[in-house]
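First comes the structure, then the notes that go with it.
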Amino acid sequence: MPASPPDEERAALHVEDLDVAYGRALSALRSVSLTVPHGGVVTLLGANGAGKTTLLRAVSGTLRLHRGAITGGRIRYGDTALDGRDPVAAVRAGVVQVPEGRRVFAGLTVDENLRSGGLGLGRRSPALVREGRERVFTLFPRLAERPHQAAGLLSGGEQQMLAIGRALMAAPRLLLLDEPSLGLAPRMVARIAEVVREINAQGTAVLLVEQNAGMALSLADHAYVLEVGEIRLSGPADELARTDAVRRLYLGEETGTDHPSDAGQGVA
Amino acid sequence: MSEPTARTRALHWGRRVLPLLLLCVLPFYLDAFWLRIGLFSLAAAIGAVGLGLLTGTAGQLSLGHAFFLAVGAYGYVWLAGEPGPGLPPVLALVLAVLLAGAAGGLFSPVAGRVRGIYLGVATLALVFLGHHVLLTADSVTGGFNGRSVPPLPGFTDSDPQLVLLGVPFGAAERLWYLGLALFALTWFTACGLLRGRPGRALTALRDSETAASVMGVHVARYRSTAFVVSSMYAGLAGVLLALAFRRVVPDYFALALSVDYLAMIVIGGLGSVAGATAGAVFVTALPLLMTRYADQLPLVAAPGAADGVVGPTEAARYLYGAAIVLVLLYTPDGLRGLTRRLRTRRRLERPPATATSSREPTPAVRPKEHTP
Amino acid sequence: MSTSAPRPQATEPPELRVQEVTVRFAGLTALDDVSFTVSPGSVHALIGPNGAGKSTCFNVLSGLCRPASGTVRLGDAELTRLAPHRIAALGVARTFQNIVTTEGTVADNLMLGRHVHSRAGFAASALRLPRAVREQREHLAKAREIAELTGLERHFDTPVALLSYGDRKRVEFARALCLEPSVLLLDEPVAGMNAAERARTAETVRDVRAELGLSVVLVEHDMGLVMRLADEVTVLDFGRRIAHGTPDEVRGDPEVLRAYLGTETPQEDVA
Amino acid sequence: MTGLLDNLLSGLALGSVYALVALGFVVIFKASGVLNFAHGSLLLLGGYLIAVLHDDLGFAGALALAVVVTAAVAGALDRFLLQRGEPDPHAAHVQTIVTIGLDIVLVTDLSRRIGGDLLSLGDPWGDSVHDLGPVTVADSRLAAIVVSAVVIGAVFALFRYTAWGLSLRAAAEDLEAASLMGVRLVRVRTLAWCLAGALAALAAVFLVAFPAPGLERTTGQIALKAFPAAILGGMTSPGGALAGSVLIGLTEAFVVGYQTELHVLGEGFGDVAPYAVMVLVLLVRPTGLFGARGAARV
Amino acid sequence: STKAGDQSTGDGADGVKTGPGVTDSTLRLGALTDLTGPYATLGKSIVQAQKMWADETNAKDGICGRKVEIVVKDHGYDVQKAVAAYADIAADVVALPQVIGSPVVAALLDDIERDQLLTFPQAWAASLLGKDSVQVLGTTYDVDMIAAVDFLTRTKKLGKGDTIGHVYFEGDYGTNALEGSRWAAGRAGMKVVDQKIKATDTDLSAQVSALRKAGVKAVLISAGPAQTASLTGVAASRGLRVPIVSSAPGFAPQLMKTPAAAALEGMLHVVSAAPAVSSDLPAVRSMVAAYQKKYPGSPVDSGVLSGYNAAQLLGADLKKACEGGSLAREDVVKAHRAQKNADTGLGSPQDFSDVARPASLATYVLRPDPKAVGGLVGVEDAHRAPGVEEYLKSSGS
């Protein structure tokens, strides 16, 4: 079982004893509990197929699109119960997910992609939208260069920026990031890490799913390790980073590398 | 992935042979009306299997199936008939199928390049152009009134009387067996195609043209070959239909027929031979049966009765339309999905399947694969 | 390996030469006069910041994109004018940065990789000629073998759509291997894998290269992996080649540090 | 010269009527990937409603009510019979066939009500015509040109500039990503169907107004002509639908107008000519004139 | 148990030879009709008229001492359904006084010939001639069109060098009509500009433009009512005020309620084998009265007349066959073919003895009149247009 969550009072996202199954019989998560405190950064590590994405889907309400369902447990964000709700409810509550593999709207322009980020919030003033866009453009100047390009024609990394930017347009209070460093150049990974810090500093809590454990652990206050659908380890990020299992499996430290930058992929 | 035991192998064979046996004894029990419906269904099943290959497997929509049925039907009539070369009917049958394939081949510049719904509407043109030709080229097609169909030798009522087990074997009974044989051939070959190399290549290019092409699949060639093969099945279906109708008329091969075929493969369940067959029977037989028995429904008046009441044909149409909607509402994977679901339910009552071996239907959402 | 027709290049893959390739998209030069050579049997890494043109270069190599100028040669064959399927038939296999699998099971996908090595056409498959049946059985065995090699044996009959991201990435890799290529193009093969899995994939790449003697072109942002695997590295930025050399040379290159790695540490090393 | 102008104008007029129908197809296809075979029956429904209501409500009232009711019916069909449960892009083909079933039911019912009648919609144009220089055009057709230009412009703006339009296009690209942005998939799509229904009712007016004799049970079949129009335009954009429709209208007008000169092609080629043109265009541009070219990169 | 395959042929109790569809007490007739498709109105009129005839006949002790029964099968203009319906009833009826739908008739031709089932199709194309068991009643479309051209030259001053337009449906009906108009125009030294259309074409603006360009002095139309309305309305509005003559199926009383009504009244004539329903032939008047009494609210159109006429003619055939001692199908056909001057008083008398010739060559000319029953009134009585005989010879029949 996870260690007692840090600071019950300010805790924002509570996942309690969550069970998730795909289809009829395929159990993907078993009795998973996790907490993301208000304004905190929590990371979730785990091998391929461990169920990280599944957990995020459960929170954001898109499980049903994958013929999955919550079969037990509860998810609360603040006072809002999120289990069994649709994605709109999550967005309205301030919980926004950046999907795995970018998933930008390929046929829409960069600008339209950004505009689409705020769709869940209903009518908003143009000024507010403009402000959000400015914020994204300062975070990712590369996007500002081509607001009218079709998003599908951006390079992988550029799309990743756009995906994060799009989510930020919804002014989230809790950002669910599914492998944001995927396919990014080391410099960009560092940039994303910075961005996550910046966002967090502006008061947005982050639940970070990452394969780049070095970066994730350096960003997070608290970390969970998921294995085959169950939480195996959890604790403060720096403590966890020192455990053998994490070092071997997620930081790759015993693979006989001789370059210090191997594992961290150049997190500054 | 265990080795088949003797028991499962026997089951496997039983599941194939039994239905076939059943189909073989039907003529001893059914009258001409039913046999005719059966024959129509068999012919439709052959055509539907072909369309399933194109639409279900290769992902190419076609609304031009009626045209290829027409090519097969008229091809046979012309080749075996007078005016026409008057070839031996069996030869004419084979050539008609090839002719339909050739017609599909002629369309391959379009079929190889144009995709999905665009191809669907492009093939619509075939139906209209084809209909135009059937009416205009009356020296070959007989024009509006069509032509009568030369029977296959041995498949008429006037052939030497044959009485088996006290049942006289006329044209309907004999044609039934011909249809059955052709259908078995279709089933055999289509399954071979689907499970073999071409089937995989077609599935691949349906899901991602890019992936298929970088894995060595010649996309345009496979697309157009799929089109040709599907036309050949349609041609065969056309010949069988012609034999069943005894007369071919242009108006039958209209857009509605193409749409029917589309409905067949979806109602049956895309991508499988059994599904296409089930759908073909559903779409062909149901309206005919409903029309026949609708007057026995409550609230249905006799044909031609007073205004404002529902006549039997209308009732049949209502029911048929509703049946399509209901079947697809409750079994979105088609009739075949229904049987599969029943089977998994039975399996689920046994110990739960392990994660890797279960073959649940694919999930609803799959990331769209544009890239990089 | 008895099943497939023996490939002439099995022992010594031909050299892959990219010469002065330029690719333009409306208003944007994605590749600008890029040249490099992949010597037979080596691992050649192609790195660079996001949007540098690495994937575009792969698209040129695999025939999905036609360059405005320049040539690509594989041995004596010129690839720039060939359709993708012809290039595949010459023994060039690739994976995609964004997974591009087809529906169906892992086995189906791997069998697609065997496409160029099998012959059965429409007629043979329809009639289930013995030759087609035998061929199919043999290729299935081969596909299973490769699934084992890449750690997919557990998922062999699972629909790909049900796999997690990392596993799907592996399917792509295995599928490319099934082609028994002489040149393997890997676009970020370990993205989305954790350290242990990365190491394992790297191991596999190393193994197949040794076993099959193929050349590998690798696009990867995991510098550790690149350093470990690559014999040679070409660095692109804004479509231009900005550096070239052995991993160690490239790692110290100030231009590369500025444009790509963006870390201060190695710079100190250089100093 | 007069003949040329004449054909040009009647082609344009015809095209703009087709455009209203084609636009309905495009909106539905874009929103749900469904090829709506029931569009013809929605059209028939709209026309029938106007026909039976105009005596009591006047033409404008009848039209308004018919537009609302047809939109509601289209929306309800989509909401309760097509989209059930979760949005599912793979269900598009199944839903396409469901629309065939719906079409059968609707057409059966409406034909039963219409019987052999030829109903008038009581439109204000009657059989009046305008002389534009050397050629004569029916007023209803002039109205059709104006109305479809306005309506298509409006739909275009709707797609481009409103939140609904953006939601629709986002959902068409990627359902899951759109839902993560908080797009209400079900509602967005149902609204699109409502829009298409409204367009169908509107199109019915011009399809059966003067040069045509009135509403019959077979009126809905004219929707078929809009298939090639929609495809020619590329199936994705309102502007494309307009361009495709005008092209089809012109083709038809010219081939019929010059039928004597085109005798070699066989009598009655005017009806198949649009299809021939469509095939030729598709040969050159496999996704229509304005369709998204397989721009997806790899 | 297995099915039994017996076809009953034998002698009835009264010594009359019987066959399929005939028992000692009943005589069963079949109708393959369209009550739900494009010809629903026509189908309904015919069904009702023939039912009325059956009721009247049964009230008078039936035929040959047997009650007449009509089995109605609605195929909704669907060939496959029609073929199935035929298979369903064929073994059990003695004749078909009604088959609607040219493609349906075409698809059944071979079966009908084989079964020797006397059939009166509700279609008037010359291509249906020459079949022993199939009887087209009255004139064929080509003969009507010859009369139409004759009418134009006689009354509208058309002559050598003039051009007339002919708008026609694709298919049997239109093609056959065009043959007639072409022949007649050629004979009169006129030129025909033809325009082929489909049943789904309801806006004939483009056709009118083309006709106007060709400078036509009159227009013939062989299509459906909707097309006639559009053609006339558009022509009128574009100032192409020329006489228009339609084949009989091109008119329906409902047209008089469309915006084109005024134009129709001013410009249209209809050529038909049958008189107008409003005609004052005594037989017609009593039939119309009876029909209106039996089916109040149902419109009385030409379908009523032709359906009733067909039924009466068939009744006469059956009576004759009965007198000949056999109601077997082949004998019914024989009896039918022996009728050389069948006159029901509902139109011109008919001669069924030559299978290759139309049963009658006399054509009526009618014109629309919104006040008349059935929307039409007579203009010229039945007469044989000059040249018809010559035409029949030249077309090889």
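Should a chain be cited, it is by its letter among A, B, C, D and E, assigned in written order, with residues numbered from 1 in that chain.
To be clear about the criterion, a residue touches a chain if its C-beta (ideal position, glycine included) is under 8 Å from a C-beta of that chain, and two chains touch if they have at least 3 such contacts.
Since this is a predicted model, take the numbers as computed values, not measurements.
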Chains contacting each of chain B and chain E, listed by label:
D
Measuring between Cα centroids, which chain is at the maximum distance from chain D?
C
Averaging each chain's C-alpha atoms to get its centre, pick out the one most distant from chain B.
A
D-E against A-D, pair bridged by the larger set of C-beta contacts:
D-E
Expressed in whole Å, how far the mean CA point of chain C lies from that of chain D is 47
Expressed in whole Å, how far the mean CA point of chain C lies from that of chain E is 74
Rounded Å distance, chain B centre to chain D centre (Cα mean):
30
Please output the residue numbers of chain E that touch at least 2 other chains, ranges allowed.
36, 44, 170
Chain C residues touching 2+ other chains are 55, 64, 96-100, 162
Listed in rising order, chain B residues that touch 2 or more other chains are 210, 307, 314, 317, 360, 362-372
Applying the document's contact rule, which stretches of chain D touch chain A when the two form their complex?
86-87, 163, 166-167, 169-170, 172-184, 292, 295-297
Within their complex, chain B touches chain E through residues 28-33, 36-37, 40, 135, 143-146, 148-149, 165-168, 170, 245-247, 249-252, 287-288, 291-292, 302-304, 307, 311-314, 317
Interface with chain B, chain D side, in the complex: residues 29, 35, 37, 81, 84, 86-91, 93-98, 100-105, 108-109, 112, 115, 173-176, 224, 227-228, 230-231, 235, 266-269, 271-272, 275-276, 278-279, 282-283, 286-288, 291, 294, 296-298
Within their complex, state which residues of chain D touch chain E.
2-3, 6-7, 10-11, 13-14, 108, 111-112, 115-118, 120, 126-129, 136, 138, 141, 208, 210-214, 216-219, 221-222, 224-225, 252-253, 256-260, 267-268, 270-271
Can you list the chain C residues touching chain A in their complex?
25, 47-52, 55, 97-99, 162-167, 170, 188, 191-199, 221-224, 227-228, 259-266
